[in-house]
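Worksheet: one structure, shown below.
Chain lettering (A, B, C and D) follows the sequence in which the chains are written, and residue indices restart at 1 in each chain.
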Amino acid sequence: MGKSRLEAFSDGVLAIIITIMVLELKVPHGAEATALVPLLPVFLSYVLSFVYIGIYWNNHHHMLHTVRKVSGGILWANLHLLFWLSLFPVSTGWMGENQFAPLPTAFYGVVLLMAAIAYWLLQRTIIASQGVDSLLARAIGKDVKGKLSPLCYALAIPLAFLSPWLANLLYVLVALIWLVPDRRIERLLTD
Amino acid sequence: MGKSRLEAFSDGVLAIIITIMVLELKVPHGAEATALVPLLPVFLSYVLSFVYIGIYWNNHHHMLHTVRKVSGGILWANLHLLFWLSLFPVSTGWMGENQFAPLPTAFYGVVLLMAAIAYWLLQRTIIASQGVDSLLARAIGKDVKGKLSPLCYALAIPLAFLSPWLANLLYVLVALIWLVPDRRIERLLTD
Amino acid sequence: MGKSRLEAFSDGVLAIIITIMVLELKVPHGAEATALVPLLPVFLSYVLSFVYIGIYWNNHHHMLHTVRKVSGGILWANLHLLFWLSLFPVSTGWMGENQFAPLPTAFYGVVLLMAAIAYWLLQRTIIASQGVDSLLARAIGKDVKGKLSPLCYALAIPLAFLSPWLANLLYVLVALIWLVPDRRIERLLTD
Amino acid sequence: MGKSRLEAFSDGVLAIIITIMVLELKVPHGAEATALVPLLPVFLSYVLSFVYIGIYWNNHHHMLHTVRKVSGGILWANLHLLFWLSLFPVSTGWMGENQFAPLPTAFYGVVLLMAAIAYWLLQRTIIASQGVDSLLARAIGKDVKGKLSPLCYALAIPLAFLSPWLANLLYVLVALIWLVPDRRIERLLTD
């Protein structure tokens, strides 16, 4: 089975997730400037989630480059990742509409954590089907970022109840370390 | 006529169906934990439907692999299947928002049943255009799963009025027997 | 410029239109059978529009098969068609929620008429860029269906104020004469 | 890394943006003609935004034709453009629902301006990765339209507070000068 339909379906789902998140930015009631004020936290949470989905799409893109044969296990590990990513719009909206309150901020961290675990599982499934000497296994190496991120999320979840702003700072920091594109796979492909 | 646009269109519709289902998970009012409680049944019904759409996408993917020429009949049988799958979001939302009440649970079963019949019709249409010795005809063989599933749905629909939980258990069981990927077509393609 | 992105974009828009129409089927309030009653006209109008979008996708698919070079004119004629098709969800919802009242039924006819005119314009633009002896020009021939349909819509619009049911009957009849797939292009391609 | 997935993802996001804008055209309450009146400004703003997204898709299409290798910078410059375009539905709805009031009209101009800047940044990023003698650099030449448009938006934003109608006239004028398809790239590719 080829991977083109897997890519097309994942692209479709990610494109829809990134776009329906904007539906949480409800059209304000009234035409005055004060009508925009309650939208500000929703807008900030939208920017954060937009960047996260962008990072996932980017890295997903690179990872699938190394796949040749799509097995049933890869299909379901991929759907599992898409499932957790599909919870971004509702958790983003909940956090934004409550001005980054503790529980919604912690909940957002849970969704980030589960998506990170699902990504790691997909990575494991691909490597398992390709052998430990595979392109992907060599490309990710020690996978420092991939191991650091879930740790940060796991730390941020309880932290959200003490200081939601510190938790959100952690989410932003993790996004920033991923924004540097994952050149490892690109480099190996060039070699 | 090639099948690539048929695949692309079906992928698009399935990607949108699987993603707009999440819109039924409305952003909770209030930032406290109790605001999440009414979302739990909606979340559970979302998980069930996500798995079902994933199964349909997976098997649809395999089935279309065996198609070479797309006839008008195949196009319309495919649209007919997409029609019933497009009713998943509303029936999922109705069942979840009413905590798996009898009538919404039975209605969900009707949509599952109609989608199963539509899938079977599409399968028949493809085999009819390819001949009884076709790859697909040999691949599905006796098609035990394909015959068992509508029977289970037909049983679950009246059962929902006696015990919605038993009906939902049946839906989960059918999903589980399909989660095992349909290796028959893969195996035949390899031979 | 190739036509693959034009097809992909059109497929995407049509897949989204056909799927967001289902969002007008609002999750009913209450779990009893009477909660489904107001949904019936919305459901019927959804079925009609689903079939119409299916017909457009089908014929659009055939028509673009005959295109080799995509000009700026074709791009904009195609976007113009997509614009009118994008008004299907709102006009379908309006007609369904008002139990096929006169004005919404007439409005639905206006959208059908404008989409038919836009389709005809796209056809003209493609033929103009290919010459009168082109594959498409020969394939559509006298284009009886293409000329009859806008006439029926134009007739149904005033008729809707006398009898909305007769107008809707006309919409169904036109859909039925198009459901027969347009084999003219298929036949010519085979020759 | 190839550009086909970048195109597919961008097409998906643009197709969804252009289609969910229509969700702001809410189904009117009531079946009489007066129910349509408040929809008129929403409809007009929808037409304007539809044309703008069409122009962006069209030019994006041409620009990516000149790209051979997709770098990380291009990926993120493209996502940045999609981010600002994703704000079209909410700003369109806000302007339409408030009958082109000053602040929403100015806000719409801000979104147009940011999208124009993002488009220009993407153009710069592509040229930077290809060299100043690249196809794209020669194709855009002095890029009069690309420099004039942000100036017009920057002018229209303060103007909206004096006369929203003049500001909207400017938006329409800029759209009209872009509607003429960008034949420069087509011409160069033909040479």
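FYI, contacts are C-beta pairs under 8 Å (C-beta built on N, C-alpha and C of every residue); 3 or more make two chains touch, one makes a residue touch a chain.
This structure is a prediction, so every number in the text was calculated from the model and none was measured.
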C-alpha-based rotation, chain A on chain D, 0 to 180 degrees, nearest 5: 90
Do the two copies chain A and chain B share over half of their interface residue numbers, or under half; same or different? different
Can you give the whole-Å distance between the Cα centres of chain B and chain C? 26
Chain C touches at least 2 other chains through residues 8, 12, 15-16, 20, 23
Considering the complex alone, what residue numbers of chain D touch chain A? 1, 5, 8-9, 12-13, 16-17, 20, 23-24, 72, 75-76, 79, 82-83, 86-87, 89-90, 93-94, 97-98, 101-104, 107
Can you name the residues of chain B that touch chain A in the complex? 7-8, 11-12, 14-16, 18-20, 22-23, 25-28, 30-33, 36, 47, 50, 54, 57-58, 61-62, 65, 179, 181, 183, 186
